[in-house]
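A quick write-up on the structure given underneath.
Each chain gets a letter, A, B, C and D, in the order it is written, and its residues are counted from 1.
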């Protein structure tokens, strides 16, 4: 079973040289730490920055340099600043190659729910609806089951949707799965020490298992 | 009767302190020379400049600093450069207070034709259609009659239109006229030495004359 | 071209109860701190505020919420604010949540004279309820209308007396789009300079969009999430 | 992030007959001179060119027209070109004239992922024929579609190897909007620098929009209307 860092490490392997990537809050943010050193990747922060760097050293924080999670960050050489309209313009125009974000639920047809729980205080969708509606390639980083032990990979989402037919890949503590264009979670890899049966038991939506499922290499 | 410089001088009196003004090619360009020194006016050039200044001194021309007429110009202190999308964005959003342009014909309901003569090579409308469709305040600078001696102030334009119901005021070599919201050219001023009858004879559209018509003061 | 006002009080003098305001900034970054303080002092009420976030309890729009000056928030994300939550749950406050890109683009539409825009954000979700859906090239889009704000209030790094603005780093965010979108736009700047001191090629908001400008004082520039590196990567 | 190509020939290597190109510039200002020369050399034909103007007889797109490489021009103003006029009158060339602001905004729409925009330009004129008219707040607007260009070719003053661009003065014009709008965008620059040499706050086109970049050579930067002052005002 993977921990959060493990999920981030596995997702980092999906990033290719030359990619522009938008990382959501939570596990996706950790992915930045595991991007291979031999590829060039530019991180987009939707508040208006391309070229997000690591956190600043103590004492070097600048209130005017933050990411979409409102964290103080740095800018790498070759960074560019732009306003919020252009930021979402480039997202809508599919210039961002990969979006990685968390989810509460994903359905077998790629719908995602990650912004609202009825009865609880709703904080808002931020940029998530824009990102999932436009991104060509969306990877969801999340736990396979919720705190109540219920699967988050469902035939149909039960929570209010953030977007429809958009998730392409899911990485959880148990597995890597593709969401097929015609529907269904295709199991690609097992987490170290996790059996196919364990994944079956944790997946409520249609799970497609073909041939041997390799253990993932991180 | 006014010459071109006279028309430009008279139009310059319509410009108020704090105005952002777009000047078309021809007589409107001359207006810049007669803006009173005691008011602050910013000239917009729709290729992407606010703060257009006079022509450069010989030897100081810069191929990268031109106006919408493709003439080499200068930039005044406080100038701002922007792209073509923002330029027409501010025009559509009515941030430009006054547009001054030439015309082949104006109708009594404020339609304007100034871009195309059937049978002749059509060069294009450039930014004229955007300007007339959006400007709150449009003054037309033109000759009262064409070279064939026919009135250019008509009941209805005969040439293909550039815009509809948009011209607010017309200054010709003979007169200053308002285009009334309900239609009709209201005669406001006569050019020096021009009689009301001469203006009547030169105006094919509905001319509205109320009381004494003063001679214009330039 | 008399755009310079003496301070925030003068800048907001005619903002009245019930008006719609845009307020620039993202999180606590790039907030028009002086104008918010002046609005709190003036006590203007029943405001509709278009702002990506609602500040925190004791900073940003949170200060106006605390005084019950806000009738409605139009935002994309309103977490980190306990008083906000209390007013929302008690029904004192109305909130319209809209996707961040839709928020930004509806501001831009106002500044660019476009009455509506199309975006796929929110298709298939509750955001789409009651809105026109239109298909272009096989993909569905929502039609979203340009905002209509009485005032936009933005904060820039530098500005000149003609209203030209330059923002610093990610403090540009919504400031640059809202600056174009107010019927009247007020800009507060950290440094007010004379025309000619800003490079025309480096101006982010041309002065034509700005109606009032002043040099602000005592910027706190609070950091919402102070994150630092423990060691070199 | 390998965006740098050696020269214009390499940059345009896969532009094929029948493609749609956007070409930046306004009049003769800010033209991608190197790429135009390479296209003339390559002899690519049946091109649809989206460009505000069509150059003059012996400069700019005029050079491509002379070689009969252009099937259709989409422009707002095409005067100052005798060969253009001859081809147009003889039926060899197709021309679609559209308002300048519509042209710019349809480029921006492509770069901002908006399938269509609304503009009042052309309402009541022949430009409106066959287009959807829609009323917002009592005013009519035309719905105009985003452009779909195989390549956009722009010219900037400076650029870095990651594709970030800075334009000089009014040479920004259509370059900055078309740079966002190509399926593939090629940028030629007067000076190519390393990442970090351009101030992130001063970049006009972020590198994400640029696919290929090179430092051009031998810029003529011809002036179309050389106008000078005779004496001090």
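Methods note: a contact is a pair of C-beta atoms (placed from the backbone, for glycine too) under 8 Å apart; a residue touches a chain by one contact, two chains touch by 3 or more.
Per UniProt, the chains are A, B = 3-oxoacid CoA-transferase subunit B; C, D = 3-oxoacid CoA-transferase subunit A.
Since the model is a prediction, treat every value here as computed from it, not as a measurement.
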Between B-C and A-C, the pair with more C-beta contacts: A-C
Distance from chain D to chain C - Cα centre to Cα centre, in angstrom: 33
Centre-of-Cα separation between chain C and chain A, whole angstrom: 28
CA centroid of chain B to CA centroid of chain C, Å: 36
Centre distance in Å when chain A and chain B are each reduced to the mean of their C-alpha atoms: 56
Shared interface positions of chain A, touching two or more other chains: 49, 75, 81-82, 85, 88-89, 91-92, 134
Interface hub residues of chain C, defined as touching at least two other chains: 105, 112-114, 119-120, 167-169, 172, 200-201
Listing of all chain pairs that touch each other, if any do: A-C, A-D, B-C, B-D, C-D
Residue numbers on chain B that touch chain D, as the complex places them: 33, 45-49, 54-58, 60-67, 69-73, 75, 81-85, 87-89, 91-92, 111, 121-130, 133-134, 160-165
Residue ranges of chain B in contact with chain C within the complex: 17-18, 20, 40, 42, 44, 49-51, 75-82, 85-86, 88-96, 134
Residue numbers on chain D that touch chain A, as the complex places them: 1-2, 110-114, 160-162, 164, 180, 194-196, 200-201, 203, 206-209
Contact footprint of chain D on chain C as seen in their complex: 105, 112-120, 136-137, 139, 141, 145, 166-169, 172, 200-202
Residues of chain C touching chain A in the complex: 26-30, 52, 75-79, 85, 88-89, 97, 99-105, 107-108, 119-127, 157, 167-177, 204, 221-229, 233
